[in-house]
Amino acid sequence: MKFASDNAWGVHPKVLQALADCNEGAMGSYGADPVTARAEAVYRELLDAPEAVVRFVATGTGANALVCAQLSPSFGRIYCHDTAHIHRDECAAPEFFSHGAKLVPIMGADGKITPDALDQAIRFGAAGSLNDGANAMVSITNATEWGTCYAPAEVAALARVAHDAGLPLHMDGARFANAVAGLDCDPRDLVAGVDALCFGGTKNGALAAEAVIFFDPAHAKGFDYRRKQSGHVFSKQRYLAAQMLALATDGLWLDLARHANAAATRLGQGVTQAGGSLIAPVQANEVFATIPFGAHERARAHGAAYHVWQDTPPVQGEPVTVRLVTSWATPDEDVTRFLDLIR
Amino acid sequence: MKFASDNAWGVHPKVLQALADCNEGAMGSYGADPVTARAEAVYRELLDAPEAVVRFVATGTGANALVCAQLSPSFGRIYCHDTAHIHRDECAAPEFFSHGAKLVPIMGADGKITPDALDQAIRFGAAGSLNDGANAMVSITNATEWGTCYAPAEVAALARVAHDAGLPLHMDGARFANAVAGLDCDPRDLVAGVDALCFGGTKNGALAAEAVIFFDPAHAKGFDYRRKQSGHVFSKQRYLAAQMLALATDGLWLDLARHANAAATRLGQGVTQAGGSLIAPVQANEVFATIPFGAHERARAHGAAYHVWQDTPPVQGEPVTVRLVTSWATPDEDVTRFLDLIR
Amino acid sequence: MKFASDNAWGVHPKVLQALADCNEGAMGSYGADPVTARAEAVYRELLDAPEAVVRFVATGTGANALVCAQLSPSFGRIYCHDTAHIHRDECAAPEFFSHGAKLVPIMGADGKITPDALDQAIRFGAAGSLNDGANAMVSITNATEWGTCYAPAEVAALARVAHDAGLPLHMDGARFANAVAGLDCDPRDLVAGVDALCFGGTKNGALAAEAVIFFDPAHAKGFDYRRKQSGHVFSKQRYLAAQMLALATDGLWLDLARHANAAATRLGQGVTQAGGSLIAPVQANEVFATIPFGAHERARAHGAAYHVWQDTPPVQGEPVTVRLVTSWATPDEDVTRFLDLIR
Amino acid sequence: MKFASDNAWGVHPKVLQALADCNEGAMGSYGADPVTARAEAVYRELLDAPEAVVRFVATGTGANALVCAQLSPSFGRIYCHDTAHIHRDECAAPEFFSHGAKLVPIMGADGKITPDALDQAIRFGAAGSLNDGANAMVSITNATEWGTCYAPAEVAALARVAHDAGLPLHMDGARFANAVAGLDCDPRDLVAGVDALCFGGTKNGALAAEAVIFFDPAHAKGFDYRRKQSGHVFSKQRYLAAQMLALATDGLWLDLARHANAAATRLGQGVTQAGGSLIAPVQANEVFATIPFGAHERARAHGAAYHVWQDTPPVQGEPVTVRLVTSWATPDEDVTRFLDLIR
């Protein structure tokens, strides 16, 4: 019953197999190899973006921060949700890579920014003097940090607000697969209006691989140097590419995300039936909910691992707020057993 | 006949196997897993450094640049050889990570800095005003960028000069295994006096793994945050650690380095016999030599891959300067065939 | 009737005279001159801090950002009020100088942080993982951005919280003189517990001069290099020092601040009498208040300059929120005339 | 007999007077004042550059480093002379402001880069892989660090090489006035081909003022934010502008430079007559020469101040290499007296 993080699980066998499959002989290093070329092409095709620049890096923080540095000057303002991973959980990597860009948090229910809130924030930010810095970009996370999803129309609406202000839109897609699966939409529809996508592989069964995708090559100018200078170019690049290629093959990425999402959906329903209540709708692979104190005690006593999602320790008799994360590898029995325990 | 780079070759089967072996189930993320703990312990033991802080990252540039940022302020001077990888080949990553540190190149035969040259450079650097910046650290590469090795006594002598000036000594050990194998020494002797070691795995059969080792924990203060902020912490850290663990098991790292070195030695001897001449002694897995123009033409015509190591194109009738790099995977037949061709 | 900013006014005649007085002949450059030595000594004495390191720079943003870079690593968290100048009005200079430090805003009435709020913020910030970054320092502004003052006991209480958490305390004293004058306290009492003070001169009659003061020399390690690297060392340093020396002579700094504060006090009282109401108590040289719409129209019609301090334009019939700033040079007649107008 | 530095001298009386002249009343802060507007216009006119963006900062290091950050990305290569001030004497400020740009030194007689050497350096730099970084800009100093001058035709030739490679040309004109005076040329001719000029005021009689001039506004995009973020925007901007305005009025800047140059010329001639020899031609306000040991001893004994310009201490009986710098304020008697002493 491991619901602490989707990062806690391992690598899907097909991804491991892909590493072995490309292991023969010598190939060009630093990306000059056929596996990388093929993987880049496959992602361009997957997103129907023949002009896009696709690059692979090993970590989500690296991917996001590199995009921030690419799209924002040191004096830029990066608009994002108040709970955005880039703002709350990356040890100020965007600030470091960009050398000072200011992350401007925007509040919003269910981890989502509304077009109105974005519009207001951008206007307010731009109203001022040099003191404020310059508006630079907008970043959204999909699936969000609260396990919800922006639907294509919502992304497009935010893109319009951003573009009207002359700002590019970045999507942190560490759980992009979960969003596509949760929305049951075409991935191409979900990136309409997006200028830069970090397409996550790691949480979805890769060892350590993310694709950075710039839909307009103009946004990628100098990006290869930037990636190199930050130590995020692998000399044996084929093994990064092979992971992403394996996920894209035969729809594996969506199968895995669907499994994770289904487990979360079951957990969410079970929690409600057990007297808990959801804090945010379950639309991807995370459940944010309160559960009865007794349920929490029983679950913990039987070894269930998950995060208590409140600032203070649980109190006898009061509901406990928790986060449950499922993954491509979460066993169905674990879900069943957990739900039995908390019931 | 692939002698272009040791990065061009793949991953040793035992390393791949190690990835599979640690793939079962969920583990703590971001390094809180037993594989990482074991790998860190094994490297501390290997170097007889029970107090050392050991961390794993995926790239050599990441490893070196993080150490530079750790040991030098933005206004620091980093003394290194004129051909140092950190100075010539990392796209100014040390400057980026440290936010401005100045790499001060020192000339020296065979890619090596002499203690006298180091002493003079440090004194000259320190003589001045605020304009010069502050002396911060010394970095050497072992094996060097010219395929030579600093012996333990040479490292110790440089360490004395550095320490007398109050500066820590960093060793870029992207080819540390090749140095130990080439010198046939105890690795513990080769790091006596070293404050921070980047112990390379990637060139020596890993997929993408390097160990960063601080012998004095005081030098590692805040390093975990720095690594995180630069996107170099893997969420599934076990797979980084497993690679380095596989290399350290049953002396695999040395076996692989010895294989690479032996191939280079044969190449070096053959080149000499074929009328070429060595530019630097062959002490690790690289050969820098001139070969006759005709030999070069024949080799290329038969598909041999290697770098011409001169600024201008080869000229009919004149010796051609080349770099030949061997690896853990270089087939003996390739060496034989190449030598047959150039003879 | 210029109440837009204390920066809008010029240089006090005695400061200008001091520039002329030190203009004779050649002196050591970059701070190796007797004027600088004397000025540094005078500020050490003024604050009864014989060990302190005192340095002069030309701008408040430079002073604050240099201190942040000095006291926080790139991955540090800097706790400050939500309206702190370093957070809202310096174009992300602290982030730039520190290469990524995260400013963590804390809410609090009247522009002030309470010890409890600080304690909670630090605990919450420190509770987490590498993702959060490392707690690094606390910064307060005195007089605050809302024209209020922390009394010595309040500063000491915040210092205790900061120090208990191992964090140094920075005071942005762009209006330190106004705080001392407003509190009618001994400046030495107001810095008890403070580790680094930016003692403002510019807003208080200097041309462009601020003192950066580290009470513990250990905090100043490498600061001179940092100042040089950021272009904030004047070659003709004597003219920076002379300004601060002039202000410190015969209590000029306090006389000027008292004048400014008295004007603000009159304005505040007059606003209340005119049917307006204060948003924050007037304790230094700024008035934040609402005034009747008609009063605003009359004032503007007669050329009064000040900032409307609300996000939306003034509306007929509704009170208008304004900021009025007075300075060492604000003519008494201007205050009288303004109050006549709005009455 | 103060020949240590032109920074050691004070401020010209007309510059001081200009500070007093603009001291009346309140003006817009941060550059929104009429003095700044006028000064910007005057420099555009002086250089016949109606489209140019002109900004004022207080230090030469600030000016140069801001331009480097403006024209080079963090992964850029900045080509400059091996003795360039930006490379040798600014505490790695360009690296800090640009976040890592690599200064690539080029050797050349008399402190000057030849077009051929520049061409070769750029080609060599650009030949490589990501490892090298990206060619970004060229920087020359005029007058040079060796007291020589690039004539207009020389600047134009370097500009052609730079522009052919797609790189902008920066001129560090800390002693631009001395160059114009020494060459007796039209300043407009000396900037033909230059993209960014740092027009020095401080060494030429200002208190602390430099103009940064971008001839193509496209190069200045975002510069005001960058200047703000680095703390180089004065709140009372008028006093920066007033200094530069005073220098530009009635040709004061050229009169002062001519005075300094004439003193250097006399010194150079006298040194030769006294048995010394020039190391570089005297074309501006600096003399690099060897003088007899006895002459050195006599000069020092009588209080002459200047830098010994060799790495080792002077040796009895051997010529001593020295640097003598003159300024707008150097008394003729000092020159006479010094020459008498060394004769």
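Brief remarks follow.
The first chain written gets the first letter, and so on, giving A, B, C and D; residue counts start at 1 in each chain.
Convention: a residue touches a chain if its C-beta (ideal position, glycine included) is under 8 Å from a C-beta of that chain, and two chains touch if they have at least 3 such contacts.
For each chain, UniProt lists the protein as follows: A, B, C, D = L-threonine aldolase.
None of these values were measured; they are calculated from a predicted model.
Taken over every residue number at the interface, the positions common to subunit A (L-threonine aldolase) and subunit D (L-threonine aldolase) amount to over half, indicating a same-residue contact. Note: the chain lying farthest from subunit B (L-threonine aldolase) is C, by mean C-alpha position.
Repeated interface: B-C and one of A-D, A-B or C-D share more than half of their contact pairs by residue number, and that pair is A-D.
Inter-chain spacing, taken between the CA centroids of subunit C (L-threonine aldolase) and subunit D (L-threonine aldolase), is 34 Å.
Inter-chain centre distance (subunit A (L-threonine aldolase) to subunit D (L-threonine aldolase), centres taken as mean C-alpha positions): 50 Å. Mean C-alpha position of subunit B (L-threonine aldolase) lies 41 Å from that of subunit D (L-threonine aldolase).
For subunit D (L-threonine aldolase), residues touching at least two other chains, in rising order: 30, 74-75, 90-93, 96, 99-100, 130-131, 133, 225, 228-229, 233. Across the interface of their complex, subunit A (L-threonine aldolase) is touched by residues 30, 73-75, 99-100, 129-131, 133-134, 222, 224-226, 228-229, 233 of subunit D (L-threonine aldolase). Those residues of subunit C (L-threonine aldolase) whose C-beta lies close enough to touch subunit D (L-threonine aldolase) in the complex are 2, 4-5, 7-11, 13, 16, 19-20, 22-30, 57-63, 65-66, 90-93, 96-97, 99, 202-203, 207-208, 225, 228-236, 239-240, 305, 329. Residues 74-75, 88-93, 95-96, 99-102, 124, 127, 130-133, 311 of subunit A (L-threonine aldolase) are the ones touching subunit C (L-threonine aldolase) in the complex.
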